[in-house]
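Below are two complexes that have chain A in common, paired first with chain B and then with chain C.
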Partner chain A sequence: MTRDLLVLPPVRRALRFRPFQFLAIVPAALVVAVVVASTWFGIDHPGFNFGTVFTWVVWWGALLLSFVFLGRAWCLVCPIGAAGEWVQRLRLWGRSRYTAGLELPWPRRLRNLWLATGLFLVFIWLDNGYGMSNSPRLTAGLIAVLTLASAWIGLVFERRAFCRYVCPLTAFIGLNSLFSMLELRRREAEVCRADCATKDCYRGNATTYGCPMGEFPGGAMDTNLFCILCTECIKGCGHDNIGLRLRAPGQDLWAMRRPRADGAFAAVTVVGLATLIPLVTYAWLPKVRGLLAGVLPAGLPPNDPPRLVGVGLLFAIGLGASVALVYGFSLLSRRAAGARALPARALFVHYAYALIPLGLFKFLADLLDHALRTWGALGDVTRALMLDFPLNRTVAGRVTVLHLLGPVETYLIQILLLLCGLLFTLFALHRISLRLFDDREIALASFLPMAGLGVVLTLVSLWMLGAPLL
Partner chain B sequence: MLDLRRPLVRSVLLTTAAVALLGALTIWTVDGPQALISASPGARRDGVKEFSIRVYAWGFSPKVIRVDPGDTVRFRVVSDDIQHGFAINELGLNLQLVSGREVRSPDVKVTLPPGKYPIQCSTFCGLGHPSMKASLVVGNPGPTPAATVPWIASLLALAAAGSFAALAAGRREPGP
Partner chain C sequence: METPRRVRHPALTAAAALGLSVLTGLVVLAFLGKFPPAPRDAGRAGTVFYVVAYHYGYAFYDRTFTEVAAMEVKAGEPVTLYIVPSQALPREMVLEYAERSLRVPIGGLAAGDPQVRKKILEDFALGNVEHIIGITGLPVYVTTNVTPALNARPFRDGGPQTLREAVERSDPTIKTVTFTTKRVGAYDVLCVDSGMDGAGTCGWGHKWMVAKGAFIVRPP
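Coming up: the complex of A and B.
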């Protein structure tokens, strides 16, 4: 059941308005400018700096929620991606006849999510090793480096190569957006196939650009994975055949026609980062750090080699365990389903995407705890920003202690979120199994071990979050 | 008699064994160290109970701090790695820590009723931040009902998955 928002005249007018995306980016760019000023010049403590609290609590929380309701809406307004596009197009919103870029095609071997997933892991390691989200200066540095990378790649390569293949968050955002309740798709396949010779949604025309992400909305695009909702195809389609539809959440997880190994690995990485990797690190980091301290020279934190190597090592172990677990359950699924089953690798690739809700709802549960228990800090840092706008150099005082819910009540909400994630995953796994196998009994036999995996990962999350109550 | 040639029977058996094994491993990994945690009674200094606490990603040492109702307490807290927070909301405390530098709390009189209260990191510090917790135990509250909640939640997860599988098995209409 879907509802096309483009049948509503105000929505239709707004999305077809040429400067729509630019006008959406401007407020986000202003906020990012304030964040950069605050993190670069402001007080160098994450608990007192507006920029770090805003970025890693408010923005991060809004990003997670946007996956559920709006897909890759952040990419629509992201000023970092826009920087690359603006220097490439030499225009802020209009169709330019000229380009400042070399317009080189992105290397064929890199047209996948492996590079982005690798950079995402490096980003997570830096974050947890050096405390990126924990340092105002590093947060500012990260935004600056990403903006420069986006601009440089925009000048060298065609379309938004940075956003599609390089941005460390593209896999994380794209995969979680598969869950979204919003989709942008062609309305009638036949219109695109038979009536459209120009394929303006992909190639562009005199007044609009082709899809900046290199997707083909009139053809192969069947998921939200790379759709940044820039609305360029809505403006460019001469047949008015693009719709922006509300739908039931999670549909892409099982409707994907061609799941790929790079996306499946990225999905397992994201789910591992929410579940097994924190479990392994939480349980063993002090011990591993102690062992490594006997081998490696100690340094002043955060430049402390035993700790940095320990975090990297445990992340690698946690990631390896996540991949091994999903592959192991795929083997069980194959064994259970019998000789007619697909190879375990194919089952891994198909089923991995269905685990995404487990990760997404765990991330939401994590943030809920932080937001509900440290609510007072947000007021403090906003006040500090207002007193010394936008530099936020105010000398830190005491942090206001204000929590909205106690630990047990918070945990009860977290349980609900995690169970929601589990049920969405079970539903997606079941639909995938029915797609893969004609025989219902074999489909169910293949589904059950993967459902068991979903239960195990949910138990990991429940016990990690429930540990303080024990 | 179970017919192991039937895919569904094989699947149920394999899944049950795998979930039981990995579920027990998970609970042992999280809950096992809890039994080994030693509580800190603190040291008396000028009539104030003083606690020295080390903070690291992602935990506290010691993990349990014991006080009596009416005690006046003081915390000397130092972060071993990155920047963290040390918050006991119920005592109105939220110390912001910088790597390697000791931060001393004001003296606080404990007026809380006997019970177990969370100590948490109040600065977002990475993936394990949500699990970075310790406990302030006031008096001798005994086992708290809250400790059973993760067990109940686990049973709920198993029940939800079991019900879903039963419903899926009971459906008769063809798949997509």
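Coming up: the complex of A and C.
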């Protein structure tokens, strides 16, 4: 059941308003500017710096929650991606006659999620190994590097190549947005096929740009994976055939017509980063670091090469274990389904997407604990920021540590969240199995081993959230 | 209808590339610490105070190394604080400073409670020796650097014998901060590092290391 928000006149007027996206970006850009000033010049203590508290508690939390309700809404307002677009377009919103961009096509070999998945791993490794979220200066550096990368790539390549293929968060955001309760799609396929010759949603026209992500809303776009909700296609469609619909969560997970290996690998990476990789890292890091300290010069974190290399090695082991586990269960699924089953690789590619809710809800469970412990600090750091706006060099005094809930209550809510994730995963696996196999019995046989994998990963998450080590 | 193609303009591309190159260069310089240039206050010491941070309190000294109850400055004048961890000094002085903590109630313990002495010695043994000194509402946030000098021992060998000697020989354990404040008022000096359990790098008592209103800014 869906409901098209574009039938509501105020929504329709707002989204068709040419400067809509720019006006949405401005507040985000102002906040990011304050965050950069605060993290670059401000107090070098993560708990006292507005920029680090805002980025890694408020922004990260809002980002995770936005996946559930709004899909890639962050990309709509992201000033980092916009930087590349502004350099390219030479306009903040209207369509310009000139472009500063060279508009080269993105290299064919890189038109996938492999690079973005690798950069996402590096991003998380930097945080785990180098404590990026605990360092105001590294946080500022990250924002600066991403903005410059976006601008340079925007200058050289066509459309938003950075956002689609390079941004370290694109795979993470895109995959989790498959779960979203909001979708932007064509309304009637027949209108696009038979009545539309210009394909303005993809190519653009005299007043609008074609899809900056290189998607074709009037054609092949059947998921939220790359839709950044920029509303360019809504403005450009001459047949008023684009809808913005509310829907039941998770629909893309099983409705995807052409799942790809790079996306499946990225999905396993994201789920692995929420489950097996932290398990392996925290269980073995002290031992591995101790071993590496014999061959590498040790230092104090974050400048501690044995720790950095150890985290990297354990990330590789955890990722390998995640891929092997999902592939192993795909093999079991193939055996259970019998002779008429698809190859294990194909099952891996189809079923991997269904595991996304497990990862998303584990991230939300982690966030819950973090937010309940650190929410009090936000008021303190904001007060300190106001005393020395926007450089944030002053000390706030004590950071308020107010626990909204006790550990037992928090853990109970986390259990509920993980069970929610498991239920969505089981449902998605079931729907995918029915799509893959006409025979319901074979579908069930294929589904059961993958359901077992979902249960195993949930148990891992439950154990980790309750383990005193973590 | 054919979609009108946008016109590529080499001059615009070159201008954008030049602008981005300048920005990229500035970011690299900033990463290397060469940009922005040092603040105006750098090199202008102004009023000087020495702050000895011990477990778990402070002793303040003026320019003549005379101990004062509070640091008083005038609004608008530059101030330089020398932050000296007590463990930069000889063992007898460290213990003498620590004894001050036994004369006041700390962390719910009565003045003179032997638990405090035990906690101090425990922190020394655990290597909880640094302090991160801040002044509320002012741009002061300084981490001491005594760990390398201690070389995993609780007390230092061969270091300066007095506070004056430590300052005069620019002992590497001492950190300085220079700033100017325009707002009149009394500000708290505190040990900033708050671990979630309240135990920071100086250990158990760090969260009670607060000198209430010890930095006073008078009207000019």
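The definition used in the following text is that the second predicted complex is superposed on the first by the 465 of 470 C-alpha atoms of A that agree within 3 Å, B and C clash if a C-alpha of one lies under 4 Å from a C-alpha of the other, contacts with A are read in each partner's own complex, and residues count from 1 in each chain.
By definition in this document, a contact is a pair of C-beta atoms (placed from the backbone, for glycine too) under 8 Å apart; a residue touches a chain by one contact, two chains touch by 3 or more.
This one's a predicted model, so the numbers in the text were calculated from it and none came from an experiment.
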Partners on chain A (chain B, chain C) - clash or fit: clash
First (chain B), second (chain C), both or neither touched by A:G131: first
Contacts of A:P407 with chain B and chain C, given as first, second, both or neither: first
Partner chain in contact with A:W463 - chain B first, chain C second, else both or neither: first
Partner chain in contact with A:L90 - chain B first, chain C second, else both or neither: second
First (chain B), second (chain C), both or neither touched by A:A283: first
Which of chain B and chain C A:E441 touches, first, second, both or neither: first
Contacts of A:L110 with chain B and chain C, given as first, second, both or neither: neither
Chain B versus chain C, judged by how many residues of chain A each one touches: B
Which superposed partner A:H45 touches (first chain B, second chain C, both, neither): both
Touched partner set for A:R431, first chain B, second chain C, both or neither: first
Chain C-contacting residues of chain A that also contact chain B: 45, 47-48, 373, 396, 398-399, 401
Complex contacts: residues of chain C adjacent to chain A: 1, 3-4, 6-9, 12-13, 15-17, 20, 23-24, 27, 30-31, 132, 134-141, 188, 190, 192-194, 196, 207
Residue numbers on chain A that touch chain B, as the complex places them: 45-48, 52-53, 56-57, 124, 127-128, 130-131, 133-135, 273, 277-279, 281-283, 285-286, 300-302, 304, 307, 311, 325, 328-329, 332-333, 335-338, 365-366, 369-370, 373-374, 376-377, 396, 398-401, 403, 407-408, 411-412, 415, 418-419, 422-423, 426-427, 430-431, 434-435, 440-449, 451-456, 458-460, 462-470
For the chain B and chain A complex, residues of the former touching the latter: 6-8, 10-12, 14-16, 18-19, 22-23, 26-27, 29-31, 33-34, 56-59, 61, 79-83, 85, 87, 89, 92-94, 96, 98-100, 118, 120, 122-131, 133-135, 144, 146-147, 149-150, 153-154, 156-158, 160-161, 164-165, 168-169, 174-176
Of chain A, residues touching chain C in the complex: 40, 43-45, 47-48, 87, 90, 95-103, 141, 144-145, 148, 151-152, 155, 198, 200, 203-206, 210, 373, 384, 387-388, 393-399, 401
